């Protein structure tokens, strides 16, 4: 089987209000395109000859195509052939959903994702058991690890070509399913679910804590940024252990009255270390539905307000272990080193796929 | 108290006095402070020719260096003018109007009319004009006619330090946009200038010399050439009346017509190119309104219809000079009062 | 108006302000829909460029502003005017070229201004408002009055040198200037996807050292919240910023535009799925803060207001010959 | 000059800034017999055109300066001599004539033309000429300045210590007029006398300056040795209100020149430069306000507010009144307001600026009245 790697690069991540309120980073389109080129070079070095990319109109594709054409003009062929998912472009997150589903259907061996937690969440919603190789280009990125994309590309290439055995190459991840009024899962979160009392989505990014009441996290890492940092600073929970943590935050009245358990200064957004009052926290076991105490408000998933609900709505949250796969970049590269996978001449390139074959 | 100062000093003094009088006056332009953000001294230049030197020390942040970005800062000056400031923006060389002209002629000039009289734009745009600096085609033009064509802007071009001070003060106090043209070859010229503030009203030409035989109308540097020509003519018993227009929009038609009605002869001297110039404008106006008084064809002495050349030899030929003005005046006194066609069509 | 984004209610605005915002948006919509009809009848001279579909941007931003804050608008300026408080009767009379118009019939649709309301003018020159807004911001900064200057540009005008130079000047001078890119996807008929080389206004802002934020310009609350933070930052001396509102244009570039460059069904689709006023209404009703009846009453009042504005504009006197020559220079 | 029977006529120096003059025309032909006070010729300076009167008698033997030409001050322009002086001697005189220089030039260099002093009424500009003899203080009128005494100051300085000042709001003095009444101006005048150290003085006032002088004589009689009132205000209610209003309102040359022409019997005396100088003054910040304040305080409604002749007549100061018979600002009929308490002289062919238009006559009257020898 000829492995094809999917690439979803979101041009609109890292554009939210946190650039104004918190001096968050803004990764430019050309930088994103250069990341794609670096990933492509790494994939090709590992023997991947075809990639399937999400089309977009944010400018990434044009830069990538110019980079490929320039290399070809030099007589080099350091990049795999690029194919585009045949789909309309809306310029919204719907594109990511559609592309992830299409890639899964096309049978890609892995999906390299450039974006923040939100983009990864969108891909994870649809990727099924296709592993994700995450590259952080967002703002509040708790989920994708910060790493030079070339390494992520190498690890992905080695994994999808079978040079690293799957049990070593891939790892399992948790998620929280959000259900409203029973029925199917409405939304998922990869890192955290925050319940706030305001009833509007607004500028989406969550950066104020006055209306923030409850927090549910899949993992609690004191080294990451965002709302999950509150949990991480209370009681760390690893990515690879079962279950997560739930935290209840003090209302302004409780804070004024002093009736809360502890106060934390947490890095809730880049550059924002904010004091929050915590009334209590406890472990959130996998598979057990939790009903939040907030009766009407909005749900922020991985730091972005997505769903508004009223007192008539019944919201439940359930943490799932082993929910989706990611490329274990560290594991792959350690295996590659131990087994000299990158020694000698590169592996011959398998035949190029035509678009029709996809 | 009057004392002799140069036109450059007079302009500096006008800015200083008005900034002192009125806190809404701000001054901006490229290098008008000089050295902002650079490692050397503050107020390093005070303008590319030092016209604003020393003002930063007195008025601080109300003098603003700008990026080399005329559209943005000229536009900002215009916008600020509609919001209650009285900005003076220095365009350095008037030749640079090309990169910010929209802000001048489509914005500043139009606001009052386009908004039904409800907007005021008290902005002054100072710019050096004129040839003789060996600065070639893009730093030497006399583009006054381009601005006089535009209703809504006022155009000023002083010929001496006294006028420069009084006209600049009037420009700053005026509630319309003013293009204030400073001939760079007049910067060093001194005359008696009162130390106090004074404003010279717009639309009031200055008669520098009385004479009954021929009227010579000019503005800016060529006023001095016209005076030289008048002295030469006087040696031949020809008395020329020399009119310095001082402001080109508004223009003092009455003084021109009064004079021509007495002399019957007119020479218009303009450092701009001949076509659609101040010279042709004055000639046409007199032709339409004082034809009966004319005893000879109106003579125009202008720069030729070519870009300003670089080589000093050529540039000296380019600028209207006293002999050619005197010659033009003599042509009006010749029996036919005509001359060979001197303008390339 | 409220700057208190931290209020603990279900919305960052009071009930009254929600109704006010709705009234602004509804008035703009009625104004534009009516012009669309009357222009087709031949009642209106010249060009008109309609703002329908984009109301959430004007309302979401202007709800944060005082009369002393200045905005420099675009050729598509009716919505900005109404949201900034310009009298609707004067606007309509101006569009009809009457002497009672906001500009006494000398400006027309593309030049409506009311400096007393902080409206520095719609502008027929694309990108020209950006330096002017810098000037307004400079005036506020010199006076130290906490005011802001806001420049609206479309996605097309964001390619103008004036706009890019203004970003730089605002950053260099640290002006309380805000640049709002109203990205409706079309520069006249040309797609922004083709015409804008770096396909992100945020990247352009970053290139000049300004923070930029992209919001869904059809979501009033998204615009309101982001604009609130940006304006507060500017008022506090935090300097300029850029706000990109991604939005939709219900009508053509100008009236009479057959819009053959748009996809089939595109307008119907966005009217069905991205109508900012309907989305606003649904959200506030669903939250139980205001009732549908209250909003319907506002709808009715807006319709009546525009009807009255049209009626009085048509009845208003035309300018006289003497008006041709006035208002060129200040009279002494 | 060794030959006392040959008398040079030279280009006069009128005022402090004159360095040359242009001959506009001779009024006497060569060979004419000339008496003292005869009009000889007209000279135009950049300030004014005026007639040169004969200071000595004789026959006009040579006319050396041509009309239309410009000559420096003190240049020989004509020669008077008795009829019996031989032609050769006259020729020799002309050939040997050297323009005197040195002392006068050096004096001009050493003494500044104008001085400034800080007084309670602000900074005032003044000039001082001459030394010894009686002390004379020249006070100009509304809108005027010390250069109104162009033809007076040097003539009097030949035998007196002469001061001329710019009143507050005028010339190059402070433009703010704290108290625009006659009493206020008089106080400013006395403040000036105090600061500069001027004891009792012969006050010579023109127009409004005459009224200020009268007010001073009433308020501080010990500071005033005598009064010389030239076309003076304060001697009756009438005044040409149109002139006052026109002077205030004029902003340009074309408005102002006709207004200034009403000051003279001969309107041709108002030169381009005189008009320009007044305009330069009027453009200064504060002048308009000062003139309006003075006009409101002194000439409101077109009538003089301060009519002082009764009090002045009673005060008994030696007083000279001089008027131009063609004064169009204040009627010459006011000349006799003081009756027998003053000597009144009306000079027929002169206007309001009589001290300029008939300088020789007025200077002679002043010298006689003050006692300048």
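Per-chain numbering from 1; labels A, B, C and D assigned in written order.
In this text, a contact is a pair of C-beta atoms (placed from the backbone, for glycine too) under 8 Å apart; a residue touches a chain by one contact, two chains touch by 3 or more.
Computed from a predicted model, the values in this text were never measured in an experiment.
Colleague: Please find the path from chain B to chain D through touching chains that uses the fewest steps, and give that number.
Modeller: Contact-graph shortest path, chain B to chain D, evaluates to 1.
Colleague: Looking at the contacts, which chains touch chain C and chain D alike?
Modeller: B
Colleague: Pick out whichever of the two, B-C or A-C, is joined by more C-beta pairs in contact.
Modeller: By number of C-beta pairs in contact, B-C is the larger.
Colleague: So the centre of each chain is just the mean of its C-alpha atoms; given that, what is the distance between chain A and chain C in Å?
Modeller: 36
Colleague: Indicate the whole-number Å distance between the mean C-alpha point of chain A and the mean C-alpha point of chain D.
Modeller: Whole-Å distance between the two chain centres: 97.
Colleague: For chain B versus chain C, what separation do you get between their C-alpha means, in angstrom?
Modeller: Centre separation, chain B to chain C: 40 Å.
Colleague: Averaged over CA atoms, how far is the centre of chain A from the centre of chain B? Could you give it in whole Å?
Modeller: Distance between chain centres, rounded to whole Å: 65 Å.
Colleague: Quick check on chain B: which residues sit in contact with 2+ other chains?
Modeller: Residues of chain B touching two or more partner chains: there are none.
Colleague: Among the residues of chain C, which are close enough to touch at least two other chains?
Modeller: none
Colleague: Mind pulling the residue numbers of chain D that touch at least two other chains?
Modeller: none
Colleague: Classify the chain contact graph as line, ring, star, complete or other.
Modeller: Topology of the interface graph: linear, an open chain of contacts.
Colleague: Which two-chain combinations qualify as touching?
Modeller: Applying the touch criterion to every chain pair yields A-C, B-C, B-D.
Colleague: Mind pulling up the chain B residues that touch chain D in the complex?
Modeller: Counting only chain B, the residues touching chain D are 1-2, 162, 166, 194, 196-201, 204, 206-207, 210, 237, 254-255, 258.
Colleague: Within the complex, which stretch of chain C touches chain A?
Modeller: 5-6, 8-12, 193, 197-200, 202-203, 206-207, 211-215, 219, 221-222, 224-226, 229-230, 233, 241, 244, 246, 283, 286-289
Colleague: Could you pull out which chain A residues touch chain C in their complex?
Modeller: My answer: residues 11-12, 15-17, 19-21, 23, 26, 28-30, 57-59, 62, 91, 197-204, 208, 210-211, 252, 296-297, 308, 310.
Colleague: Sort out for me which residues of chain B touch chain C in the complex.
Modeller: Per the touch definition, chain B meets chain C at residues 24, 26, 62, 64, 66-67, 69, 71-85, 87, 102-103, 106-107, 110-120, 151-152, 154, 174-176, 250.
Colleague: What residues of chain D sit close enough to touch chain B in their complex?
Modeller: Where chain D meets chain B, its residues are 68, 114, 116, 125, 172, 175, 251-254, 272, 276, 280, 283-286.
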